[in-house]
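These notes concern the structure reproduced below.
Chain naming follows the written order as A, B, C, D, E and F, and within any one chain the residues start at number 1.
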Amino acid sequence: MSPKTKTAKESLTITTKMVLPNDTNTHDNLFGGQLLAWMDVAASISAHRHCKRVVVTASVNNVAFNFPIPHSSIVTLESKVSRAFSTSMEVFIDVFVEDYVSGKRTKCNEAIYTFVAVDQNGGPIDVPKLIPETEEEIARYDGALRRKQLSLILAGKMKPADATELKKLFLGE
Amino acid sequence: MSPKTKTAKESLTITTKMVLPNDTNTHDNLFGGQLLAWMDVAASISAHRHCKRVVVTASVNNVAFNFPIPHSSIVTLESKVSRAFSTSMEVFIDVFVEDYVSGKRTKCNEAIYTFVAVDQNGGPIDVPKLIPETEEEIARYDGALRRKQLSLILAGKMKPADATELKKLFLGE
Amino acid sequence: MSPKTKTAKESLTITTKMVLPNDTNTHDNLFGGQLLAWMDVAASISAHRHCKRVVVTASVNNVAFNFPIPHSSIVTLESKVSRAFSTSMEVFIDVFVEDYVSGKRTKCNEAIYTFVAVDQNGGPIDVPKLIPETEEEIARYDGALRRKQLSLILAGKMKPADATELKKLFLGE
Amino acid sequence: MSPKTKTAKESLTITTKMVLPNDTNTHDNLFGGQLLAWMDVAASISAHRHCKRVVVTASVNNVAFNFPIPHSSIVTLESKVSRAFSTSMEVFIDVFVEDYVSGKRTKCNEAIYTFVAVDQNGGPIDVPKLIPETEEEIARYDGALRRKQLSLILAGKMKPADATELKKLFLGE
Amino acid sequence: MSPKTKTAKESLTITTKMVLPNDTNTHDNLFGGQLLAWMDVAASISAHRHCKRVVVTASVNNVAFNFPIPHSSIVTLESKVSRAFSTSMEVFIDVFVEDYVSGKRTKCNEAIYTFVAVDQNGGPIDVPKLIPETEEEIARYDGALRRKQLSLILAGKMKPADATELKKLFLGE
Amino acid sequence: MSPKTKTAKESLTITTKMVLPNDTNTHDNLFGGQLLAWMDVAASISAHRHCKRVVVTASVNNVAFNFPIPHSSIVTLESKVSRAFSTSMEVFIDVFVEDYVSGKRTKCNEAIYTFVAVDQNGGPIDVPKLIPETEEEIARYDGALRRKQLSLILAGKMKPADATELKKLFLGE
């Protein structure tokens, strides 16, 4: 029987890559679409590690590309489940680039993907709850509910008036 | 000299693909990361067609994967600039899948990406304004300001109280 | 039941691509073999749209590479069935490249591929007839018979004397 | 100084491949577009070996796909220059598939590509003449002139009445 | 100025991958050549992290493929420099596969690659010494000299009689 | 029934490739991992040609990368079975690079891979014996036993004292 709860740490997935010619756009920087694909694989492994089931990408929330990542860079993706809902899991991916000479790591991207656990017929199935431990894990866990309400509103599946968490943000309650 | 305004239609980019073994996940459906990469290329061509400059992906807003897209499907991506801000462009990508026998097209995804036009040094440069024409283009144009405010809030660069467009949504003003 | 006839327009397939580092030869231009593969996919979608069956490439007729297409170019492939024979379809693919600054489209390639519709066992099956409408569609439809006779002669399956359409070309009848 | 003539044998290029999942279409057979790309690389090596210059694909003449080539097959491409004109070279590619158990080789495709030798500016430059030796090499050498006339006619660059070699074929002279 | 010594831990590189259709052989298991390429990238990042210079693969020592790794497996590569010689670094790569349901990690491969640090002209340059810390690191550090002597003998660059470390192994001294 | 013995020549596999942008590392030279993957495919075809069964990579023995192979090079891999043991085959791969102007071939790599023949369940099965013919084939055949003993010792499956062939090397018997 699968456990009822898991910590965020249990789903931590680390992937280090080198930006090869294959991965670059016409500016000789990492192609945005390639990074999106890498993040999808890393995040799906985290989601799988959380629930031990087949998972499929449900949505990509906000991803910001703040810095160009040049050819030959060493890039590390670290992903962890940030919150589990009944059948879905929100996953944060932090992306770091490493200075070629000093080796100093700089965070260059942060992305949020959501996955759903599915059975053989593709129907959704329940996943363990997530227990956040560190300060960052708790902050991300708390934010997940606001992001979920926001998604539901944007998809027309929730009325703004019912999004209690979000309303607080705008009304300063 | 480049024109001061462009219509949405001028940036329309159509790409039809067949889902090959290469593109599938372990469920024999189109791999989410692959679709994200395809959308990035299509949307960047739309952004380039709008401003005729080099463009780089600035962010991916909400992307929902509603239906699995099986191996061998014919998939069509249609992308168009939905609104231009001073140096950035929001692009909508609609994804359709075609029934293998009847040929009937079904919309299976909708995504929003943002691009920035850059000069040789990677610095941002001004882009033409967008003139929406159809009803859908106008609705997307109007929504773009709310989404921009939302992004700024989520990134901590705007106070919720200043997001006039968004507040209306929650307060029903 | 599938229709007895189709127009050329019904099989129109548009694919827009950007030439990425991956796709270039040692001159930093689009690699000929890559363009051949792209054309094969686009043309096979047109053939499938015409007959709604699995199709396999039967032959590539003349393809001329007139201009080098540099790295970062935006390339659009437009393919349409030009004529259907009992179980095979001839498809024309027109390839356009877009000027990076003015956006002006120039035709850079034209290719002709032939596909056969097959059943589960790989045996050939009948396809709908094609009705050409525009002037260009009619010219390509008429030329298709000459090209078919030419292929049969080159493959040693028809005697030159029986190639009535082709003989006219050489004898000026 | 580069030699004035070369034999066909000097440009022989052999490439043996295994059909991997990557290379297959939705029927689990070798994807036509992939084979076209493989043939382009093999043929361009033959053309380069003949003239020791950079070569670019000028055209693909007739390619027939007679048999499906299943996943895991061992495929061998053999290419040789069949005739050299002033700045262009016609190359034949013979494709063989090997029976998995008996190892018996069967010819499954034959293709003809044409390449042009270019200088640093992409301008055409002279190539050595080809001396055919075997019976097959001589037959292909002789056919090359007919194919060249045919290409010129199809491209509207030669009048049928001037295509002396081709006229013989149709008039039985 | 770069440090004179580094610990093994400082070069630890972790890469987690999912085996996608792309990566499989005709048995639906991870293709050996693909794993060799993954290990080469991971190991080269470790070597780079040790010396902060451009590194090139010098040799692959023994790699054993003990277990087939099926499609969809989650595979983790962990690589660390095991010993540095004047201009070269030996790197160990341990490969683990994770049980899909229990998540239990099993070691499935171990490989040893050697890299050389090079300057702009490709000439070899000095690298920091390696300080092993754990028991395993020390055992691998000690074995590295025997492996280096063995390589030199196999390459005909050392006489067996001079391979003091190796002779002990055979003579039981 | 499959033959009891085969010559080395019967498994000769030739593969000629051009180094494309795709295949290069950050120095614009052929990426080591890519060459390892190419050698694995070529060697596995040789092993299959020897035994006509499914083969899987068992190990990579010593591979030395002596020279950088620049972008656009023409590279030829020649592989042949060097010795067959009961269920395994040792394969040598010689890699040559061709001077772009003179066409002169230089050997740039030599690698040794081992494959095992497997039945439907992945269990090992017997393979024909190999008969070496040329001087080089005989030398490689003789060395194979020493290499096998060495592998067994390194894997802890044989005591150095029992490695009769190897002991001679160190003791000069």
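As a convention for this text, a contact is a pair of C-beta atoms (placed from the backbone, for glycine too) under 8 Å apart; a residue touches a chain by one contact, two chains touch by 3 or more.
Remember, it's a predicted structure, so these values are computed and weren't measured experimentally.
Shared contact partners of chain E and chain F, listed by label, are A, D. The pair with more inter-chain C-beta contacts, choosing from A-C and A-E, is A-E. In terms of their C-alpha centroids, the spacing between chain B and chain C amounts to 31 Å.
Note on chain placement: the centre of chain B and the centre of chain E lie 43 Å apart, centres being C-alpha means. Centres computed as Cα averages put chain C at a distance of 50 Å from chain E. Shared contact sites, meaning residues of chain A that touch two or more other chains, fall at 18, 21-22, 25-26, 31, 41, 44. Counting only pairs that meet the touch rule, the chains in contact are A-B, A-C, A-E, A-F, B-C, B-D, B-E, C-D, C-F, D-E, D-F, E-F. Considering their complex, residues 21-22, 24-26, 31 of chain F touch chain A. Within the complex formed with chain E, the chain D residues making contact are 18, 20-22, 71-72. Chain B contributes residues 13-18, 41-42, 44-45, 48-49, 52, 74, 100-103 to its touches with chain C in the complex.
Listed in rising order, the residues of chain F touching chain E in the complex are 25-27, 29, 31-34, 36-41, 44, 54, 56-65, 68, 111, 122, 150-151, 153-155, 160-161, 163, 166-167, 169-172.
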